[in-house]
Amino acid sequence: MEKLSEGFFDSSMNSREHAIFEVGIKLAAIYHIMIGIPVTNEINIKKKIADGIIAAISCQPFVKKVEIGIKDTLGQLGQKFDKEHEFDYTYVSGKNLFAKVEVKYDNWIAVGYVEWVSDLNYPLMYIKELREDPETEQKTNTECP
Amino acid sequence: MEKLSEGFFDSSMNSREHAIFEVGIKLAAIYHIMIGIPVTNEINIKKKIADGIIAAISCQPFVKKVEIGIKDTLGQLGQKFDKEHEFDYTYVSGKNLFAKVEVKYDNWIAVGYVEWVSDLNYPLMYIKELREDPETEQKTNTECP
Amino acid sequence: MEKLSEGFFDSSMNSREHAIFEVGIKLAAIYHIMIGIPVTNEINIKKKIADGIIAAISCQPFVKKVEIGIKDTLGQLGQKFDKEHEFDYTYVSGKNLFAKVEVKYDNWIAVGYVEWVSDLNYPLMYIKELREDPETEQKTNTECP
Amino acid sequence: MEKLSEGFFDSSMNSREHAIFEVGIKLAAIYHIMIGIPVTNEINIKKKIADGIIAAISCQPFVKKVEIGIKDTLGQLGQKFDKEHEFDYTYVSGKNLFAKVEVKYDNWIAVGYVEWVSDLNYPLMYIKELREDPETEQKTNTECP
């Protein structure tokens, strides 16, 4: 499949670098879409929120696989946060959001993560794995992974 | 159930007015969370995205019911937009987002909408219905509608 | 000035209730737009971010005045958070965002706030003041407050 | 300057690739933060909104320079959109947002853009330029460009 956007890019970019770029875009998109969404600690509610954004991002160009999770918010003594009154809920933040995105561009796969890193006190986005995949076929347009 | 937040409000506000305030908050929350989410015209993808935000908002204080839809994006001649190349998708915007939220505060119900109004060229948020509900019981904390 | 949107609303809504609805919309818009914006504790940076959103919201229908602040993020012992390494910054959250919005609809003014309330462990949106303003003139279209 | 995050990354990633990754993150962050912000065609309002997000992103790790613009929204016959009634404004969308971000990682500079591409009918994010910069000094922590 031709890539209609390729003419816009610096011509020195190779497929591995395109995969790296795309995974950066997808991680930041997930993060900024989800931050602030109200959420309870009910596992079904969290799963539905995550499934919606997984569906949205999975259909974007070059995306092979998306995993998203919203961790339990812990109370001040580390115990699980429980609803005790009508305002007793929380929202998606840099501290409880986790996502993993796998992007494929030609024969290169980039696997990126966003998650809270306590040592940095920061929701870090990083690429954990870069590898070649011998199967060079791209996903077709009508199919979402 | 006591309302922990009531002391913060202007004491002249009645239950009907609280319901009006809460429905305004929820409509704008849905709108600003969802705008920009990438979406295809696949009905299943749209449904999953909508279901995730419905779950998130349904668990917020005073919310009784939420409906959300993402309308098909039409092409330039009004035909349904179809994926023809890898960038052939769209995103949630003021033009294709529809939501209906029902809020209950004590015995008052406010039903609000956000949807594109062609005559105003604007994604209007409005309250279509205000009514008293004789059943004064609030939802409990652990239950999402 | 005629209000083009009035026909969409429940006809029993009065001007005071319209003001209440609009202030709810604006508070939630500010909150969901700003949550997740990266920010340092530099006062100039915070001011520019706040000024941008103040400008955006001030031009919306019925808005008279907007104040927005991003409080300093405190470290674990309560001291002011300082940049010590390249990831040493934070982002706008429910805990550090403060906003005050004044809306006028006909002769009614509603003043709403969003701010973190420690007792509720929650970013509460509330209306602190509702009052009539004898000056019934609306702002004109081309003017932003 | 040590990079505290480097241990998280695939160890085969070089500085050029890190720059590519970071510019992808920043472009998507700008896009998803800004989409949906209400805006008029007043040049001062647009400038303030852009300046706020420029300030926010400029302080992020590895960012050297940020430019953001919000193009005028055109009416149906291509004329400039003008405010004629109280709902006569628009909001930031994929069609009117333009941003350019320059990232530096060690000695590599990546210059990325997001802008509407009519041929693709899509807000494309792309890297226009990749180059080495002999001046290898990173910005310091306390300084925002």
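Couple of notes before you dig in:
Order of writing sets the labels: A, B, C and D. Residues in every chain begin at 1.
We adopt the following convention: a residue touches a chain if its C-beta (ideal position, glycine included) is under 8 Å from a C-beta of that chain, and two chains touch if they have at least 3 such contacts.
Being a predicted model, the structure only gives us computed values, none of them experimental.
Between the contact lists of chain B and chain C, the overlap consists of A, D.
Taking the mean Cα position of each chain as its centre, C sits at the greatest distance from chain A. Separating the centre of chain C from that of chain D, both taken as means of CA atoms, is a distance of 25 Å. Rounded to a whole number, the gap between the C-alpha centres of chain B and chain D is 29 angstrom. The geometric centre of chain A is 19 Å away from that of chain D, both derived from CA atoms. Counting partner chains per residue, chain B has residues 4-5, 29, 31-33, 36, 85, 87-89, 120, 124 touching two or more of them. Taken together, the chain D residues at the contact with chain B in this complex read 31-32, 35-36, 85, 87-89, 91, 93-94, 120-122, 124. Across the complex, chain A is touched by residues 4-5, 8-10, 12-13, 16-17, 20-29, 31-33, 112-113, 117, 119-120, 124-130 of chain D. Per the touch definition, chain B reaches chain A in the complex via residues 1, 3-5, 29, 33, 36-40, 42, 44-45, 48-57, 59-62, 83-89, 138, 141-142, 144.
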